[in-house]
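I am attaching a structure below and will ask some questions about it afterwards.
Residue numbering begins at 1 within each chain, and the chains themselves are lettered A, B, C and D in the order written.
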């Protein structure tokens, strides 16, 4: 807002802010800077990482988290949480292995089954949260326990069966070239496609409604948006993305008992790292994906540094806090966010220069 | 605020007075021995335990390595009844007529495939004895890896007082010691297996040779099969678990005395994705000729990392987990399947049987523990053909009535 | 999470004596009684007795550990914050305590003080990061937790330290069926109740959690209040750590894998405290912990498959909170019902109190 | 102290130090970013005096209040309390010095009791613990002193009526032993019958020698209540006069610089009501009962009545927010069963809610996003196509902002309301329900709303117009329906005078004399954005132009 606008026509876009302004505006640039920095460091540490095949290997590893971040983004931007994705990923892999049990002809049916299951979990999360009014933190926490237990109950504690090679290609294989040489991983294609779709979706009416619902669900519902269904769809998307992530992880590394553990926190961390505000209504999906990439890149960097693996959590913790703290740093008063969830538009706008967020 | 905080502190203080005042069923002070073997602080730089860490006890190391060569007493076709250098103790005091006994088992958890496999074997063994009418009730508490809960579980068994024998598979050696000792004092026969406790109060402590032997089997294999100067990557699950630490301590010792170069020691949490990623990155930085693992979980992922990177297979130390054995056969690489004898899960039940019968049992019941070598591979693959991929070849349940359904369809 | 929790806003608090509606806490204990009855019957049908000394003792022992942590968690949640680092604090304090005592009975006090000091320190850090660095509590405490984890993994390989038997009594002694640890937990709970209902600090926690701007305007140092809540939370976790040490006879770093963080939050919410702060009670939390403990015991006595326990736990937590949400929807007016899940409720919740932005927009 | 004495303007009532000047401002000046929003303001407020501070949007009232309250520091001039110069570091410091301010937003915790709210931050203690007995006793005594029998210290604030909450606010201020209390539009949120409660309280306070600075847009209150009136205009002190020496028209002239006449757009005789667009047939629910009426195409039907009389509930019923459980609703002749706003929109209905911020807007989103919201939410398929009309609508409403990407939270109340209107206009509704559409917005924006209503009728839209401000009801409506206690109390033709309406609304005109005084609120009930007062034409701030000039 740079001029006293007394003209009648509104410009579609605000006048371009200065470079500095853009660099320091909002949380999301932080993540891109960090991402860049980490990659530069990695390249310096280990030039061979810059080789295409190495990068592709990185992509394969990072893809699942990026996709989880997309799903988590939808939920968080609508003002909710999804803690169940981790155990959902685990459940999906185990289901796949047990049901297809290495029979190629079952690959596709099972994939369909998994997607169905993922959507079902999302639906339950969504409906319990929206209709039964259970805080999504609790809903998805419960779902996390349920999935964890149910799956092990079903498989007697340890995953059984096996994944088919065909199924595993998604996470393991690629096109163009032979395994061992450079390949464009399917994972990369999947991520790009889903990423683009997500961006488009957020520009669609649904995306706008989702955003508005996260910002002020009452206003949204008074405007005819079916809040419960909008949020439920966010959970459905999260469930779907978790399924895809499961397919990729299963493909990448096969079946183990631990698969998926802790991913929910990774995903949320990634999204927040991307400057998306817990509580909803702010942030871009691209930044969320960048957050996921940054996180994965960090882990890679730790390896390249030969950082003792027991110290890594320390560094990780410091960096996450630092990044978020930086993004939360008051530049303009209105950029401030309350320090505790959920960030409401309320609060800290205390400077007189602050145009009053008018409120009833 | 000051008042309030003071109050909290005060509460804690008050507590301790209460504590001091009350009568107690605290077990005898485990300080002796406790202090030594339980880990003290290590300097921050040295992070992966190993030969020069508090986890390495030369005497135990030597004993275990020696025990590998000893011919165990007992029937060869029933390794779970064999014992190495047993010192028998008399159990007449526990002898009791009749059947329909109540057998209580405090399980650390069934949170990994190895334990799941063993747990099935144990249940099958119990069923046999229940058929015979010896065991009436088989009461189980699963602590889900929560030491605190397991302590309560054991206490509950003691409280209940109707257990004719208490089997404990401790989730952590040091922390369960007090509870186990309490159990011993209850006068019931106590059987400990897998991980031990820092006490010898139980009637018998059943375990395979141990972590040093396990780690050494793999390390020696790598040393024998790799050119001097070759690079070895050590993949570990997590720090702080004595069994695993011993495995690495032994390997570390052997590697340090060898020409091999250990390019890295990584904790993977047993997560296949993490393992594959780590190995892939090491391969990006240079060749890796050998892989040493402190547990088989995710071994296949490590192998695949080589495939996907288009690198030749390393000399590989895995475990007797079917997925690895099968991969081993498919790829025909130079490998060894270290074994932490899964059939030990049968032994406690049979030990209970003996104890009730008043037969003597070894006070420390050391079961044989031999790795699977290339020439035995096919045999074990055939024997476990139908078994799921996370099954363990040396589960020793082939002769149980439930075989194979009990293990195949869980 | 935000909006759904807000459904609770229009319920009556016990504070209004006249036409007082039955409060959340009462509900929790009613639920507890209900569960006890059902469970007792189930066990009885199985030929057991849920209330045998053994089972009672087991039940109560189970409450102590989670109890301490959840009581602490109540303070931060009341302040609209959250603490995901408690698990790591417990682990750390078990080790700090045990290593400081080093098997020497005369050093018990030193160990206790050291452990609690360490805990308070971490709480202070949590509070500072949340308030001064304005990092969302979820991320802040997650990060601090990771840092502690890294320290533990690096410095301590598994069990460390040695607790003299005199202090192990804290873990094992019982008065009748009631373990000392449970008594201590109840003492701490009592302190917590006094703190929240009888001290300014407690009043201020409700205020900060209810509406931080109102609190500020009334001269409450909001940041300080949140920091103190975090310090208290960690301190309680520290006591839990000492309990662990006493029961283990040593400290154990791996305690952080017990999932105390999420369990404690679940217990607090189960106890009827709003996840968004401003309303709740320690008494309720203790009730929530008891409910979880009873379930644990019953599952144990009935020999329920460990994995099935997780399923049931999950279901119970969701169901319980769903029930609260039901009754928390204010029947007073249809509009209230409709607005129930709004984030800013203008007049009725006295929202948007920033004195510097008084605009002409009339409230309705 | 009773009403009569407070109404003696020039001669404040007898009794000791009633002339003593409690608060004295001299040459107060304030600049924000180089443009001055207050220039050389002098103000004396005496003990026991109720001193009105009036002025149009941007006149500087809020800034002045905030300087007194210790929110802002003056750049020039001095604030004297009891003759000694003071500077308050914070609102709290001011409060402890006996200078309290009752802001518009309630600074209350709904979950806590009255006592806990009143003593928040300074709870009485004994032995380190909060002395709850004393706290409640003190609160009850305070309430008794102020003759507030309806309130009780244990009540949960969230369970109180808006008026009671407002009173708790004031009680809180008083509890600081305030010698000076400034109130910013204390009646803004109150229904007329509730206002009396507040009057009573204010009079008691002044009776106790408290000096009161009373900011209001409702001239009726000012003339009912205040002894002295100070008018600010564009940051300058224009006039201070005893109430008796000025009449409403003169006052409006001084503050608005505009005659009242011709303020409302005239009815266009060419518009004749068409078919029935909206018909309610004996509808009812928990809030209202047995309400039947029709709204025709091109007709403006006003729904008048006191707050809580069920007007808004009717709107919410029609719109499916809290649907009717009885009776039928017909839209365009077809019976519709509207169970949600979504269905309402589909049926061709639109509702401009009374609470802009809470129900109308996603404050963190852009103007465009908000304007598109209904389209995106209800008819996503054609949303993009129909959204193309938005820029045109926005500019026809003369919305002022830097760009469509501006987040609405940075707009003035008036411009925000225009966004809400645009959001609904773009859906081309058959029936539009306007619930207090002019509340809390400035003159210019109000005029825009009135013009829009006429324009809508010209286009054959049926308008249901809910308002508390009688002048606009009388001036705009073709028919006036009056609600009372959830029932339709009666229907009045266009041009009925306010007395009749009020009589009907209050029931048989009991003491309706109270309400006969002309309420020019419609004219002067302007939007006091601190931003407007504060930032002025600061680059970072569009709402400046929502000042009086906007409607020229």
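Everything that follows uses one rule, which is that a contact is a pair of C-beta atoms (placed from the backbone, for glycine too) under 8 Å apart; a residue touches a chain by one contact, two chains touch by 3 or more.
Just so it is clear, the structure is predicted and the values come from calculations on it, not from any experiment.
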item	value
Which of A-B and B-C has more C-beta contact pairs	B-C
Computed distance of Cα centres, chain B from chain A, in Å	38
Interchain centroid distance [CA atoms averaged], chain B/chain D, Å	73
Distance from chain D to chain C - Cα centre to Cα centre, in angstrom	42
Per-residue multi-chain contacts in chain B, two or more chains	3, 44, 47, 110, 239, 267
Chain C residues counted as touching two or more neighbouring chains	153-154, 194, 199, 202, 213, 309, 339, 342, 344, 346-347, 351-352, 354, 356-359, 361-364
In chain D, residues with contacts to at least two other chains	105, 128-129, 321, 355-359, 412-413, 440, 527, 529-531
Pairwise touch network: line, ring, star, complete, or other	other
Interchain pairs in contact, sorted by label	A-B, A-C, A-D, B-C, C-D
Contact set on chain C toward chain A in their complex	1-5, 7, 79-82, 129-131, 133-140, 142-147, 149-151, 153-154, 212-213, 226, 262, 265-266, 269, 275-277, 305, 307-315, 317-318, 321-322, 325-326, 328-329, 339-344, 346-347, 351-352, 354, 356-359, 361-364
Contact set on chain C toward chain B in their complex	52-55, 57-58, 61-62, 65, 99, 102-103, 108-109, 112, 116, 153-162, 164-175, 180, 183-184, 187-188, 190-191, 194-195, 199, 201-202, 224, 228, 231-232, 235-236, 239, 242, 244, 247-250, 252-255, 257-258, 296, 300, 303, 306, 309
In the complex, chain C residues that touch chain D	9-10, 12-13, 15-18, 194, 198-200, 202-204, 206-207, 210-211, 213-215, 217-220, 278-279, 332-335, 337-339, 342, 344-364
Chain A - residues contacting chain C, complex	79-81, 83, 128-130, 132-139, 141-146, 148-150, 152-153, 157, 216-218, 227, 265, 268-269, 272, 278-280, 308, 310-318, 320-321, 324-325, 328-330, 336-347, 349-352, 354, 356-360
Contact footprint of chain C on chain D as seen in their complex	57, 62, 65-66, 69, 71, 91-92, 101, 103-113, 116, 120-123, 125, 128-130, 132, 152, 154-159, 162, 165, 184-185, 188-189, 217, 285-287, 307, 312-313, 316, 321-322, 354-359, 412-413, 436, 439-442, 525-531
